[in-house]
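Presented sequentially are two complexes of chain A, the first with chain B as partner and the second with chain C.
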Partner chain A sequence: MDIIPQIIINSLVAGAIYALISLGFNLIYGATKFFNLAHGIVVVIGGYSILCFVKFLGLNIYLGVVISVIISGILGYCLDRFVYLPLKRKKASNMVLLVASLGIFTALQGIISIIFSSQFQSLSENSEQVVFSFFNGFITETQIIILISLVLIGLGLILLLHKTQFGREVRAINDDEEVAKIIGIHTNKIIGRVFFIGSAIAGYAGILVGYDTGLEPTMGLSLLLKGVIASIIGGVGSIYGGILGAFLLGFVENFGILKISGGWKDAIAFGLLIIFLIFRPRGIINK
Partner chain B sequence: MKQKKFIILAIVIIIIVAFIGFSFKKTNKNYSNEPIKIVALFPLTGGLASYGEPAQKMAQIAVKDINDAGGINNRKLEIDYQDHKCDPKEATSIFQQALDVNKVKIFTSVACSGTVSAVSPLMKNDNALLLGTIITANKLSGISPYVFRNWASDKNEAKLFADEIKKRGYKKIGVIYEETDYAKGLKLSLEEFLKDSGIEIVSESFVSGSTDVRTQLSKIKQAKVEMLFISPQTVTSGDIVLKQIKELGLNKTALFVNDNIIKAKDLVSKYADVLEGAIGGDYIMKRDEKTDKILAKYREAYGVDCPQTNICSGVYDAINLLADAIKSKGYDVAGVKSYLESVDYAGISGQISFDEKHDRKNADYSLFLIKNGKAELYNQ
Partner chain C sequence: MEYLIHLGILFAIYSILGLSLNLVVGFTGLLSISHAAFYGIGAYTTAIILTKTGLGFFTSLILGIIIVLIISFLIGLVLSKFKGDYYALGSIGFNVIVLSVLLNWQDLTAGPLGIAGVSRPEILGIDFSNKFYFLILILIFLLIFYLISLFITKSPFGKILKAIREDDGAIQIFGYNILYFKLVIFIVSAVMAAIAGSFFASFVTFIEPSSFAVSESIFILVVSILGGLASLRGSILGALFLVLLPEILRLIGFPVDIAGQMRQVIYGIILILLMLYRPQGLIGEYKI
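Take a look at the complex of A and B:
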């Protein structure tokens, strides 16, 4: 079928975006064991930062990307430092942290709407996109960058977690934070850094989404949900699981609507989540 | 003991008297010189803010004109602008609050058929009435005895599309639509008009908020349709669909677009290459000296021309119609309803009267052709 290469490309691109979001989400979940819903708004802030620096202030795009990624990372670090850490010191439960992260999500979304308006914003000035033909399918330059970025960030993260002292400390916290403390790991400092890295990846994902489709203050929730679904079906807290889950979700979503209307796309995604929650609640990679 | 009972009885009497006095004062408020309030449900943010913003500005001019001319029976008219964000849930919540808490009975609205469809069941037993502008879905015809629309049903637009499709001799067409009352309604009307024509229709949909419709478009491309009809609910989703049409090389297919795209001048110029030769439909209102005079007030007040002259004219007339109705029948739903049912009003958008389903009479759509990033009337 002529359509198959195009659907594969669509699935890969969708999967790569979900994977970038779930990478950061899983990294943070692994260290903190709570669902950081504010992760969704960090994605949005990454996108709006690039809009501000590149489109409004006319900064060089590469410099704009670096600054936006750093801003997203700092935001994540500050959230941990000034919201989650004080709550954890007060022995707040994970439910309290989740509610706090939801509050942050909603508040920051409102602030973005006030500053930039609720209007859809396109990062590209005109409708021009460099498009490549690939086995009868089409892929844009931005989508190729999304795929390459995922490979590089994924590999970088795996190397960071497995080949460095920092990575070993993160994995120790993932296994048991209390034991990590006992053996002398400064857990709060490491978790702060994890928030910085996870949020920087989320911000970068927001930039890519902005260039691929466009920006809206409300886009964070749907992206976060897809990232969370990918994490759950892949194995929450697992980097490999997140990537696997994201691509599974991308493929099921796109191939699922091959014979039925596209309006069912989200229903298929959540249906997949429910199936996993019932039959394999700990995901593909049973961590 | 007796004294205690007496004190309690006295307190109860005082409370009852105070309550009656307060209620009396409150009732009297209706006859005071307090402003008459109308709630305007406009899309001030979101994908159709480009309609809501000029609508609000024009409504402010209408209110100023009415109040400068003495108001409504010596009372000022006041509009409470509320943002429905093109979201039926939001519209329902605002409507309920205005109805129950603020005791507002008269409403006006702009755009998003789904919002009117959601609030219409809340209007019953003469508790509220709504006069909408640019609400087009066919299903709104006669949806409630208390809903009037100063606009035409987009069934007329679908009819024009169907005739043009038949004339061009297409055998297989594609439709991509958003799952909303308006956007899906157009697709359903088009299907109805093409029912016995033998033309095959390949339909694909997406839910509001979707940012990826590539697989749906790929399926349409695979079906090798001769024409693709694009029916988004908002300018935002129109932007996403057009961008992805271009990415997938579907722009070589003949395109038909709904009135939301035709009205979105920025979008038409941004995707000039994709939309070159595309056919669209829209409802055009009459424009004469009277219209120009009011539109000049907009320019004077805001320093720019109204970007949506149809909407500006329609909203100006809707506010004036409601003001005239209240002036004539009082702030009473049954009275305003009977006034609108029999009105023959000379507005800036033309002569306004309503048919038995409360749609604006003699409101005809026209076809447009997009050429060099601009929509112009299509002379078939």
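Take a look at the complex of A and C:
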């Protein structure tokens, strides 16, 4: 039972990363109602931007984070502006949007591996990170930052959605885009901004993953799918549901590998998804 | 010449894969991103049987078919309850689970190391390690699958599949059990993929799990969509184009060391452009 505290910490950290990815994913899903699979590659690009700016160009880390987050946001905005919006104007089905986002994912992943090689890259310079100990478990400084980031970003997003004019407009679009348009909301402009915010959060999650475990061009798919699974088991389109789902996923995954090898994590995650899809397809938080 | 035969075999394998996936995606309108899983199970069955037992290629082929029949039945049973993007997501999930099994069931699959030294088939005294004979053999299989697919799509069964694609609610009102139709076509398609996998393993003689990841499923999807959804000839055309593409890239002088990644970039861009300008593919009939 000595390892239980450590597993709880691992579950919380994994859950927080999944939650950050699902926040952006849910925000975008809420406004557009399609599965934006390219969200996963935005995470990767966030991580690689910081690698490029801080490690290769020697920029100050805070400045690097800000630039990387903005790059991720702009990327998300451009994807909407140049791919999804034209598709929407053609009245394309959700499946077409999904396949297009799959194409974006594949193409950008290839480009990243060409530029940065497909090798695993570590972001943290000093291997001896500051480590704190709780009961019998250890948590690194990066992991504490991950947990704090989730709380701050989560609260910020909730405030943004509920206390500002922009938030009200986003929620109106979530309820019904046509009606929102009729009452004079510039839906396409708002959705563009939603893409910017959601993708910026994804990019930030990528930076955290980079400092926590390291970077690989192919890590996007697994992270994306975890974020999507978290969103679905929580209740897709719901910010709170996504966070709940993310932590549930984190705990099930990490406690699931108590007895079997860590390689089965992805299988456990999808097992959980399929159980939910069969028995509770609308997630924990039912609408 | 040797190399042309090599390309020909790859073309035939991907034609079978594209063709069989088209039955599900194009004709029934179910976006399945799990084809590489069944392809992989077929390949691994053949590889394991040929390297660990004294049994021959055709025994392994039949065993692969039986295993995939069972697995695709179970997976299809779950997937058939879904439609649209949830179907796509669920199918990715099953692909990841099958990949995890290939990676982690080390005693059987040797994990990430893969299995080397798979032999080529030998039947009735004909030694198919001769690549030309191998090509003939797999082209015969391609022809058979093409005819089977043609028969399915022209039959009343195929008409119902198309009806499910267009409006699954309406066809249900007529009393058809759409779950059954979705399941049957999924299994048929999976079995064809498994056979392609058996040939692939025996042809390349070395297989590893990464050949059957989600990215491979996406590649097979590109074969189906590029040529044309709900067009059998389209899938053949798509396979031809995508097998030749790396060669074209090499001819115009792309560096070899990034060829793999470059191909990925191009597949991705093809998907985006197709969705933007021609969602039914080159000669397809159906837009997803």
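Heads up, the rule we're going with is that the second predicted complex is superposed on the first by the 283 of 287 C-alpha atoms of A that agree within 3 Å, B and C clash if a C-alpha of one lies under 4 Å from a C-alpha of the other, contacts with A are read in each partner's own complex, and residues count from 1 in each chain.
Rule of thumb we're sticking to: a residue touches a chain if its C-beta (ideal position, glycine included) is under 8 Å from a C-beta of that chain, and two chains touch if they have at least 3 such contacts.
Predicted model only: the values in this text are computed from it and were never measured.
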On chain A, do chain B and chain C fit together or clash when superposed? clash
Name the contact category of A:S113: first (chain B only), second (chain C only), both, or neither. both
Determine, under the contact definition given at the top, whether A:S122 touches first (chain B), second (chain C), both, or neither. first
Which superposed partner A:L273 touches (first chain B, second chain C, both, neither): second
Once the structures are superposed on A, label A:G263 by its partner contacts, choosing first (chain B), second (chain C), both or neither. both
Given the touch rule stated above, what does A:V83 touch, chain B (first), chain C (second), both, or neither? second
Which of the two partners, first being chain B and second being chain C, lies in contact with A:N60: first, second, both, or neither? neither
Which of the two partners, first being chain B and second being chain C, lies in contact with A:A14: first, second, both, or neither? first
Applying the document's definition of touch, where does A:G103 land relative to chain B and chain C: first, second, both, or neither? second
Overlap of chain B and chain C contacts on chain A, residues 113, 118, 261, 263, 266
Sites on chain C touched by chain A in the complex: 31, 33, 78, 81-82, 84-86, 88-90, 92-94, 96-97, 99-101, 103-104, 214-215, 218, 221, 225, 258, 261-272, 274-276, 279, 287-288
In the complex, the residues of chain B that touch chain A are 45-47, 49, 85, 179, 203-207, 209-216, 218-219, 221-222, 235-236, 239-240, 242-243, 246-249, 270-271, 273-274
Listed in rising order, chain A residues that touch chain B in their complex are 1-3, 6-7, 10, 13-14, 113, 117-120, 122, 126-127, 129, 131, 137-138, 140, 209, 213-214, 216, 218-219, 222, 254, 257-258, 261-263, 265-266
Hey, which residues of chain A end up touching chain C in the complex? 34-35, 83, 86-87, 92-100, 102-111, 113-114, 118, 221, 225, 228, 232, 261, 263-264, 266-267, 270-271, 273-274, 277-278, 281
